[in-house]
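I've put the structures underneath this note.
Shared chain: subunit A. Partners: subunit B in the first complex, subunit C in the second.
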Partner chain A sequence: MGTILTGIITATVFLILMGLVLAILLVLAEKKILNYGTCKISINDGNKELEVQGGASLLSLLAEKNIYIPSACGGRGSCAYCKLVVSEGGGQLSPVEEPYLTADEIKAGVRLSCQVKVRNDISIQIPEALFKIKKYRARVEHKKVLTHDILELRFKLLDPQTIDFKAGQYVQLTSETYKGRESVMRAYSISSVPSEKNYIELNVRLVPDGICTTWVFDHMKEGQEVTLSGPYGDFMLSDTSAPMICMAGGSGMAPIHSIVNHMAEMNIQRLCYYFFGAQQQRDLFYLEELRKLERDHEWFTFIPALSAEPESSGWTGFRGLVTEALAEHFDDLTGYEAYLCGSPGMVGACEKELKKFNVEEDKIYYDEFA
Partner chain B sequence: MKKAPDYEKLKHRLESSKFSGSGFLGTDERPVDEIIADDLHQMEINQIDKDDLVDLLKIYYQKIRVEIGRRVRFTDNIYGEYHESMGRIPSPFIGDGVFEKGEAVIVNEKTGETFVITALAINLIEKHDFFQGKGSRYRLDPVRLFHLFDELEE
Partner chain C sequence: MEAYQETNFFATLFIIFISAGLTNNILLARFLGMCSCLGVSKKVDTSVGLGAAVTFVTATTAALNYLVYYYILVPLGLEFLKLITFIVVIAAFTQFIEMVIERYSIKLYNSLGIFLPLITVNCAILGISLFMLNKPYGFWESFAYGLGGGFGWFLAIALIGGIREKINEKFLPEGLAGPGITLIIIGIMSLAFVGFSGMIKI
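The block that comes next holds the complex of A and B.
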């Protein structure tokens, strides 16, 4: 009996030791065999070159070198924000990437940088604007209620202390973990003006069950520190003198608010009609401020449109959809540029209406993240 | 029996994640394949055609979406409203792509039933027969949906 027991114990110990040895060997082998050594990342036709330790994703290696490519999923290949052109050395397109890329993008060498593993020297193209993206530590100065479901957040930048952005651009806010929910990054347009370099203001709308917005509404406290990154995006005022139509709804107010206030500050006197869609008066905000802007500047007209305002209310402004308000004011918009911000549904409906009134497709601008 | 690794990965993606705070399983503790099999079984018993359901979901989603938040009255008791949202959400099934986040909500005032239709929910049904777990805000119970559309299409 004793001999059998000793035999079992010896065999068990032997098996555990063997397993341990095999595990160590596997780790060592992986390090040896899969050691890609130092790889070169050539950016924008050799304008910038980085030396990195191969073996990790392009997205993470760029972040190590302080080049932040927009990403919301943390490199899981599911948000498709981190697209980049890989001109050489990217390897085969993975099945994870394919559904997120159009035929034209595949042809142009666009890849999801989180799915491209750097195993050798690689050449990529990065829009110049992405080099300006930084990570910021900031303090919540205030959480101001704008409507029943929209808050204005004001952040003081702590490190770095200033930001250079263009009116219309956005930042990513990192939420903290709460109630078992993971920390996430979400994009929000900046509503303040670029001249205010030490602060950033955002308009955040509560999304039912939204991870980041629930954190902002229920958990974020004034005075606490947060992490932001940016500025991102190429939604910004063009360098022309064309007359403008701006259309927004809900928290889509933010970039347009930034743009029109920037125009006022810089004395850019382009004709600008701003149509803002909401359901009821309780959904309107910045109303007095925009009315004042309208009074002070001949070039600016603000047209709020309410789609579900009770008949009995004293609202004397436009009743109907923002698209209907546009149709009531114009029948030809040849030569105009359009700036849209809202949900994909709202942006799609506005785009369709604008094209009907002869706004050229390439003159209709909207946020990529919406 | 131990589930295959792919199944475990899928289950993980259907739970609370960076993209969906409450996940896709709700309070349902059944395995995903059982949720799917049960719904398909219920559809078979009630002679419900999935393709017809998906077609109607797409039609009503669009009817509500184009109104950008304005209430759409379908019958004396049933209305729809689009709740806008910025951004997109990826499917928990890798390779399906990303979907806009807006919600077309149909409310039956008489019964108190609410149906939250999203572009992603339609895709999950169409491609994976997955109507989501019980207790999920986004579950579209096929039998309840069938009765809703029956009333709407009368």
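The block that comes next holds the complex of A and C.
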């Protein structure tokens, strides 16, 4: 018995020690060998120059210098949000990047900045809008239940205290570690209006086993501080006066909610039909608010469509899919602009339907999320 | 065995080297290290690059594992941990090599691409380290055995790469292109290598 026990203990101690020694050696070696010294990042043909410590990814080095490139997957090369033009010094295209880039993009030097390791001086192009992106410390003002699986989060911005964004844009929320799950960044559209500069509101829908949404639902507390960055995205109200069709489902409500409220506030009187798809009445939210908006403003019409509402309920609104609701209200949408937000499946179906009704392809704007 | 003892030291090492490489070729006679071979053997130069890296790692880890086994595991009575220990030693060493290649030969690093981590799990390397324990080898013999085994793998993948480069896959039935035809090539080549087996007893 004694010898078996000693055997087990020696074996365990040996394995732990071996792992430890090798890990320490590797960390030391990494510091020593993968030291590329100071590298220069030249942005937009020398308009801006950064000096960084080489050896890390372009994405993380830019973030270190407070330039935030959109990224939803946290640098694993799976979301392809962090595309940038690398004009010089990016090295060879990696097999991870290739599937995300079209032939034209490869020709133009587009890379995934999370996969580009800075080993030497490098020059890149960054769209001006990205310089406006900042990192915020914010306090959770409230966590309000909207439906059984959607929460409204309201944040007060602490540092910096104000944000300039366009209705329809999104921010990224950084989750904290809990129960061994890593910290991740996830994108959420802003549902509040741009005129409210000290606060932002988000609609977060629970994704079963989602790292960030589980954190938001189960671990985030009112009053705690969180990290946000933004604003990102080019989903926003166009500068025309064309009539609009908005279509959304679930937490896709957020950017459209922001857009229509912004229009009401700014007195932008564009004809606007808002189709919102849900399964049952319990999935509807902001209903009273949008109905009031509809009563107060001639140009706005709100059409909620329920696809799985029980026959016996008192629901007098439309029953069926959003695409069916659209078909019932219109046969021709020539000259309209469309704003879509929802799951890829829903956005795809809506886009197809809209094209049938003669909405031009480049007038269909969408914000897709998985 | 008698002939083996009479020859002098360097000749012994040379015989071990040749026999590990040719008569007991790890890839063609024992079919180890197949996955990275199928993956990387499309072109001669990447094959040669990976082959050289594997040879280097095999030889060095054989020597390292020899020391770890006889000077750490045996005195502690932990011989039964040899498998997991060897895997960890090889993995750590490969990580280290990956860093060195990344720093000093970015071209090789890029051409090996995602196959570099494959060296870590290349079973030929672990195989050599484990096989050498079955033989009454000292330190230098183990090193020669590792070097020979790695060289054998290098030779095999370079030859396969050469053949694959010459093959025009357009003329193959669709299902045979890529790994299919490579396995057939390896099969035919291994017939030739089986012919060598038993020529030298080690």
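Observations
As a working rule, the second predicted complex is superposed on the first by the 328 of 370 C-alpha atoms of A that agree within 3 Å, B and C clash if a C-alpha of one lies under 4 Å from a C-alpha of the other, contacts with A are read in each partner's own complex, and residues count from 1 in each chain.
Simple rule for what comes next: contacts are C-beta pairs under 8 Å (C-beta built on N, C-alpha and C of every residue); 3 or more make two chains touch, one makes a residue touch a chain.
In this text, all values refer to a predicted model and were calculated from it rather than measured experimentally.
In the superposed pair of complexes, A:L22 makes contact with subunit C only, with no contact to subunit B.
Set against each other, subunit B and subunit C touch different numbers of residues in subunit A, with B touching more. Legend: residue contacts after superposition of the two complexes on their common chain; A:G342 is shown touching subunit B, with no touch to subunit C. Of the two partner chains, subunit C is the only one touched by A:S94; subunit B is not.
Applying the stated contact rule after C-alpha superposition, one finds that A:Y178 touches neither subunit B nor subunit C.
Once chain A of one complex is fitted onto chain A of the other, the partner contacts of A:F357 are absent, as it touches neither subunit B nor subunit C.
In the superposed model, A:A11 lies in contact with subunit C only, and not with subunit B. When both complexes are overlaid on chain A, the residue A:Y199 reaches neither subunit B nor subunit C. In the superposition on chain A, A:F217 contacts neither subunit B nor subunit C. In the superposition on chain A, the residues of subunit A touched by subunit B in one structure and by subunit C in the other are 95-96.
Put simply, subunit A touches subunit C in their complex at residues 7, 10-11, 14-15, 18-19, 22-23, 25-26, 29-30, 33-34, 91-92, 94-96, 119. Touching subunit A in their complex are the following residues of subunit B: 16-22, 65-71, 82-88, 90-91, 94-98, 100-103, 137. Those residues of subunit A whose C-beta lies close enough to touch subunit B in the complex are 72-74, 76-80, 95-96, 98-100, 180-182, 184, 186-187, 205, 207-211, 214, 249-252, 277, 279, 307-308, 321-323, 342-346, 349, 367, 369-370.
Put simply, subunit C touches subunit A in their complex at residues 72, 76-78, 80-81, 84-85, 88-89, 92, 95-96, 99-100, 102-103, 106, 110, 113-114.
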